[in-house]
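Shown below is the structure under consideration.
In order of appearance the chains are A, B, C, D and E, and numbering begins at 1 in each one.
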Amino acid sequence: GTSNEEAENSGNSAQQKENGEGQITGSVMGDGSSTVAPITEALVEEYAAVQPNVQVSVGVSGTGGGFEKFIAGETDFSNASRDIKEEEAAALKDAGIEYTKFEIAYDGITVVVNSENDWATDLTIDQLKKIWIEDGTKKKWSDIDPSWPDEEIVYYAPGTDSGTFDYFDEIILDGEDLVRSAQLSEDDNVIVQGVVSDKNAIGFFGYAYYLENKDKLKAVSVNGVEPTNETIENGEYIPLSRSLYVFVNDGKVKENKAFFDFMKFSLENAGDMAEAVGYVRLPDEKYEEGLKRLEELK
Amino acid sequence: MVQRSGNGQSIQQLIAKNQKRTFKNIIEKGMPLFFIMAALISVITTLGIVFTLIFETIEFFKRVSIVEYLSGTEWYPFSGSNPTFGVLPLVLGTLKVTIIAIAVAVPLGLAVAIYLTEYATDRTRRIIKPILEVLAGVPTIVYGFFALTFVTPVLQTIIPSLKLFNALSPGIVVGIMILPSIISLSEDAMSSVPNGIREGALALGATKLEVSLKVVLPAALSGIMASIVLGISRAIGETMIVSLAGGATPTFDFNITGSIQTMTAYIVQVSSGDAGFGTTIYYSMYAVGFTLFIFTLMMNLVAHYISKRFREEY
Amino acid sequence: MENPGERQNLHSIERISVFRTNHFNLWYGKHHALKEINLAINENEVTAIIGPSGCGKSTFIKSLNRMVELVPAVKTGGEIFYRGRNIFDEGFEVEELRTKVGMVFQKPNPFPKSIYDNIAYGPRIHGIKNKKILDEIVEKSLRKAAIWEEVKDRLHHNAYGLSGGQQQRLCIARCLAIEPDVILMDEPTSALDPISTLKIEQLILELKKNYSIIIVTHNMQQAARISDKTAFFLNGEVVEYGRTEQIFSTPKDQRTQDYISGRFG
Amino acid sequence: MVKYTDETIVMKRIQTRLKWNKVWKRIFFLATMFALFILVVLVGRIVFQGIGYFDWDFFNQYASRFPEKAGVKAAFIGSILLMLVVAPTSIILGVATAIYLEEYAKKNKLNDLIRTNISNLAGVPSIVFGLLGLTIFVRMFGLGKSVLAAGLTMSLLILPIIIVAAQEAIRAVPNEQREASYAMGATKWQTISRVVLPAAIPGILTGSILALSRAIGETAPLVVIGIPVIVHFLPDSLLSEFTALPLQIYDWAKRPQEEFQHVAAAGIIVLMMVLILMNSIAVYIRNKFQKRY
Amino acid sequence: MENPGERQNLHSIERISVFRTNHFNLWYGKHHALKEINLAINENEVTAIIGPSGCGKSTFIKSLNRMVELVPAVKTGGEIFYRGRNIFDEGFEVEELRTKVGMVFQKPNPFPKSIYDNIAYGPRIHGIKNKKILDEIVEKSLRKAAIWEEVKDRLHHNAYGLSGGQQQRLCIARCLAIEPDVILMDEPTSALDPISTLKIEQLILELKKNYSIIIVTHNMQQAARISDKTAFFLNGEVVEYGRTEQIFSTPKDQRTQDYISGRFG
């Protein structure tokens, strides 16, 4: 396909050798968000079928861990489930690394309750904040709305050092503390289990986990909007949908033909792959815009 | 009469002819040099660990007072408004798991070891021991899921108030994980107690139980202690089981039915998490690592002292 | 056990058998190690068991307190009577037998405990906890084993600090502490130097007044010096059994003659 | 002669003592059965969950977003390669250290330090080794997240276990054997290499294999080093990137789709098979070369 | 080594000293274990070292091939001459000394290897690799140790399958394989049964024709039976040294007299 042409044009780097019918060789390294990882894995899997001689390896050190390696120059790209932080951007600058941010999919953070819960099916942002914020008291459902049961709320949330937690914390709680009695887990499946097992439980996690467990628990509508592919893609499910990003090292795109090719493939296929693994695709324009920017980097 | 071999030379003459002193000398001098260098690698490793941890730890203590760290009872590093770095909840989490693990593994392990050395036939021992050693090799994430998806639900039927994340279940499972090494090492220690000593006791009319508990066990004490120490170290250092089944909530209480976080689980959380490079949280990972290192170091020194003290020489 | 007067009495008239074996056989797996042993062993005598290596001496005396059963795949046939009771009877617990029939091994095997605890071990397992009584037993046993003077100042030191000969006497003392009726000794001096050996031999002669002693030895001179009766074993059989003087002076069997005249003890 | 041991009391006590002996024998036996039972439950659950995905293809495919297409090819080969680095490094260093400590080391401060240090190192949490590997091998030596970097880290992690096992094995060689060799005019190294080591090999190997089984299942250090998970190629050198079985399993287990839990279980079966294979080798060696002195 | 004729010659005139010690002293740390030893040990004779336990017998013969140096904190003073050369001289490699002065230990200590490999061990470490020569050496050594017939069909079986007595002869054969000049034996029969002991004693008498033998023994009869000279050690000193008949019939020193008359070997 298109990679054919590019392959012929450059070739100044030792690791990129041409190889018959548009086959290129080389290696690409990435790391970062565990949220983005399933999409990347799908992309790598598909890409391997097209370019079997390009070695793509991707770590799952989390968004922060990914940036750390990105700053150290160890990786070509870094997956992120949030935007880059100021400190990280500054560090990149210090390291003389120029980068570009690509959006590749949406993830809706889904607030869920036990399937027996018939009261808290629709919550406002304020109610969410009231439920989740740490205020030094033990909260009952009836504290949020007097018509709700007089029973203690049980909280399940992703680990405090995850992008999901961060995002929720920032958007819903304005950066204030999450209730300290929350049961935290590094594994979102476990949160699913927790909420399923307790009538008074509430929890949140990535949309993909909800999709897989739809029949076991209930998603809470936020301000009357239910999380679905449509509402996330068209931006109705605000504010709890976030973008997932890939940050690429500009220099590496120039140097490493295989990397360029992989990124190009990624942007072309990200939408499909995102949907395949339970995320929400971006509007097509966004991908096209990304491809254009990628071309400019070359 | 002098023996002649082969080509008519005496063996001593053959030997004299074969001496290649210089080459021999090089090997004789060279090998010990290689050995001592190998031995020094373990020292260098320790230095490397200290070196790895110390700079980031110092950086951390530039930002957080060491007093707050050591005496604080709140560990909320991710709190946006008011992060706190009191390590005690993490230490307590580690201690809870370790104590439960030891409470499970030591009696059970010693019982099995006694059974294998003193009661079981040779055949049984030769079958059971390697099977149990398989337990030792089972990856800890497997144990982690075992704790979360099997032990916790089973325990919940007995203790309804048990939370999904708790100290009890991972504690028990860590105990099971260290069981094989306790069994294996104490079994070795006990079976190396000379048989003559056992026979001496049996000949006095002692029962097997009395021989095991009053003669063999004390005689093997230093080996048994060593196995327990190693078990404790592994319990303290265990990561995946507690990350999966213990939760991620550092609490400062003595409740074992609720969610906890251990020092190791915290390190994994940060190292696979979102914390930005250069943040206090990032440095805290090293400080906790250092604490963990000091912790095991102290424990080993104490254990070393104890086992020296109670050694029964034979 | 009888009181001393009664014993003295018996002593002077006719010895009573403490052990009597009746067509006793023993197999290690398929190996027939003891064949049709018929022996009566007397009270308050020293009975020596001699014979070349592998003839079954150790096996025999370990049968008397059933220690041989610790070897897997041991089978026995026939009977052994200890003071009239078949030791293989259901009701006769092996622990009871061993409390009455003490044993001293070839290699001294003290417990890795203090000298005191070594001696007190037996009484303790039999339920004696009283400190004063234990002290008394320890002293008396050590005295009887002729080692009291050497160790009385270091009763609470580890027994492994003693020399080989001392360790062996300690083991004898340990055995005496539970006041057995019979003492079995399996080459008790073969690991010792001559001076220690002499001490142990003197001790045996002393102990014989109160105990029945069965001793396995390689050392013909030793057997001659200390025993009243001697049994010569060969290939798992008793070739000859009788008074020691007779066995050594006028053996009836040619094989005994051959073995004894070897005299390379 | 005064009797201290009252015949009737002794007799009575024998009955209780025997009873206790029986009771505790049963307890000890039950404890052993319990430990075995746990193993059965542990393994049984996994096999039950994962057997559906466990087939030849599972070895022959890379990870995939489709559970039925997912396989352990990269992780399996990665783990094997990892062991190929760990085994020689840790065994050579471990045995050399043990030889030094048992055969050469005199009683002095330095050697005391080394000994204490080794027993301390045996207790250092694996995760701390992860931090060490990240700083020293990955960053300082610039080895990247390669098989070599991870292998060296794991080697250091299990080094103390191997040293201790080798020390035991070397110590168990009777001194008379050494004396016999010296008395023939053999030099020290000849004695060690021809008499001590051959006799100690079974012990060394079983200890090493058990240590390696631990290394193959370790996850935490790999997580800390940041070994990649998504890898669709086989490493072509020791410096290339790779992934390993426990990481792959951990990654699958965290996936939202339930099928991946089963894939993870299938991955665990592979890991356990490697483990059982290694243990069987240890048992075989132990039984075959069981010391005869 | 001299040629046979020369040796024979010397033999018939006057014995040459293979070992001569000159004010030799040895300390284990602070313990003065050997004191001012002055002895000359002759070629082609059997020299017995006797004395009570702990008197320094083993220490002495282990000094002759410097095996005693394996004990840490050993200090020596004075000189030991092996065929005129001070064994403590810089230029005299300990390996060379030990190749000429072989040793047999109390407990048989074969290597856990095949019988063949046990014998071939010595030649091999000294660089002899030729299979044919090794075969020859193995056979010759086993024959000399009077064990060839018993093992020739199982040369490649493990040496631990042999009986104790056979193992000890194997160890002697192993020692002979490098054709030493002197053979040191530290209580070589004390772990053996009488029949094996007899065999070893006969072997020693046989070997004496070609080797000089120094043997430590507890067993007075044994010393009397097989040795030409006897040295009596006590507390690290040589109390008496002389022809065996003389020592055993008319000892000059009262202490020797006392020890010998004990006769509890």
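By our rule, contacts are C-beta pairs under 8 Å (C-beta built on N, C-alpha and C of every residue); 3 or more make two chains touch, one makes a residue touch a chain.
Just so it is clear, the structure is predicted and the values come from calculations on it, not from any experiment.
A.B. asks: Out of curiosity, which chains are bumping into both subunit D and subunit E?
C.D. replies: B, C
A.B. asks: In terms of C-beta pairs in contact, which two chains are most connected?
C.D. replies: If you count contacting C-beta pairs, the leading pair is B-D.
A.B. asks: Just curious, how far off is subunit E from subunit B if you go by their C-alpha centres, in Å?
C.D. replies: 49
A.B. asks: What whole-Å value do you get for the distance between subunit B and subunit D if each is reduced to the mean of its CA atoms?
C.D. replies: 12
A.B. asks: Take the average of all CA coordinates in subunit A, do the same for subunit C, and state the distance between these two points in whole angstrom.
C.D. replies: 82
A.B. asks: Which subunit C residues reach two or more other chains?
C.D. replies: If we look for residues of subunit C contacting two or more partner chains, we find 95-96, 99, 125-126, 178.
A.B. asks: Subunit D: which residues touch two or more other chains?
C.D. replies: 14, 17-18, 187, 226, 253
A.B. asks: Using the touch definition from the top, which residues of subunit A touch two or more other chains?
C.D. replies: Expected reply: 34, 60-61, 65, 187.
A.B. asks: All pairs of touching chains, please: list them by chain label.
C.D. replies: A-B, A-D, B-C, B-D, B-E, C-D, C-E, D-E
A.B. asks: Under the stated contact criterion, what part of subunit B meets subunit C in this complex?
C.D. replies: 121-122, 194, 196-197, 199-207, 210, 214-215, 218-219, 312-314
A.B. asks: Quick one: which bits of subunit C touch subunit E in the complex? Just the residue numbers, please.
C.D. replies: 52-54, 164-165, 192-198, 201, 218-219, 221-222, 225, 259, 262-265
A.B. asks: Within the complex, which stretch of subunit B touches subunit D?
C.D. replies: Its residues touching subunit D are 24, 27-28, 31-32, 34-36, 38-43, 45-46, 48-49, 51-53, 107-108, 111-112, 114-116, 118-120, 126, 128, 130-143, 145-146, 150, 176, 179, 183-184, 188, 205, 207-210, 226, 229-230, 232-234, 236-240, 264, 267-268, 271-272, 285-286, 289, 292-293, 296-297, 299-301, 304.
A.B. asks: Sort out for me which residues of subunit D touch subunit A in the complex.
C.D. replies: These residues of subunit D touch subunit A: 62-65, 139, 144-145, 226-233, 240-243, 251, 253-258, 261.
A.B. asks: Please name which positions on subunit B make contact with subunit E in the complex.
C.D. replies: 1-3, 5-6, 10-15, 18-21
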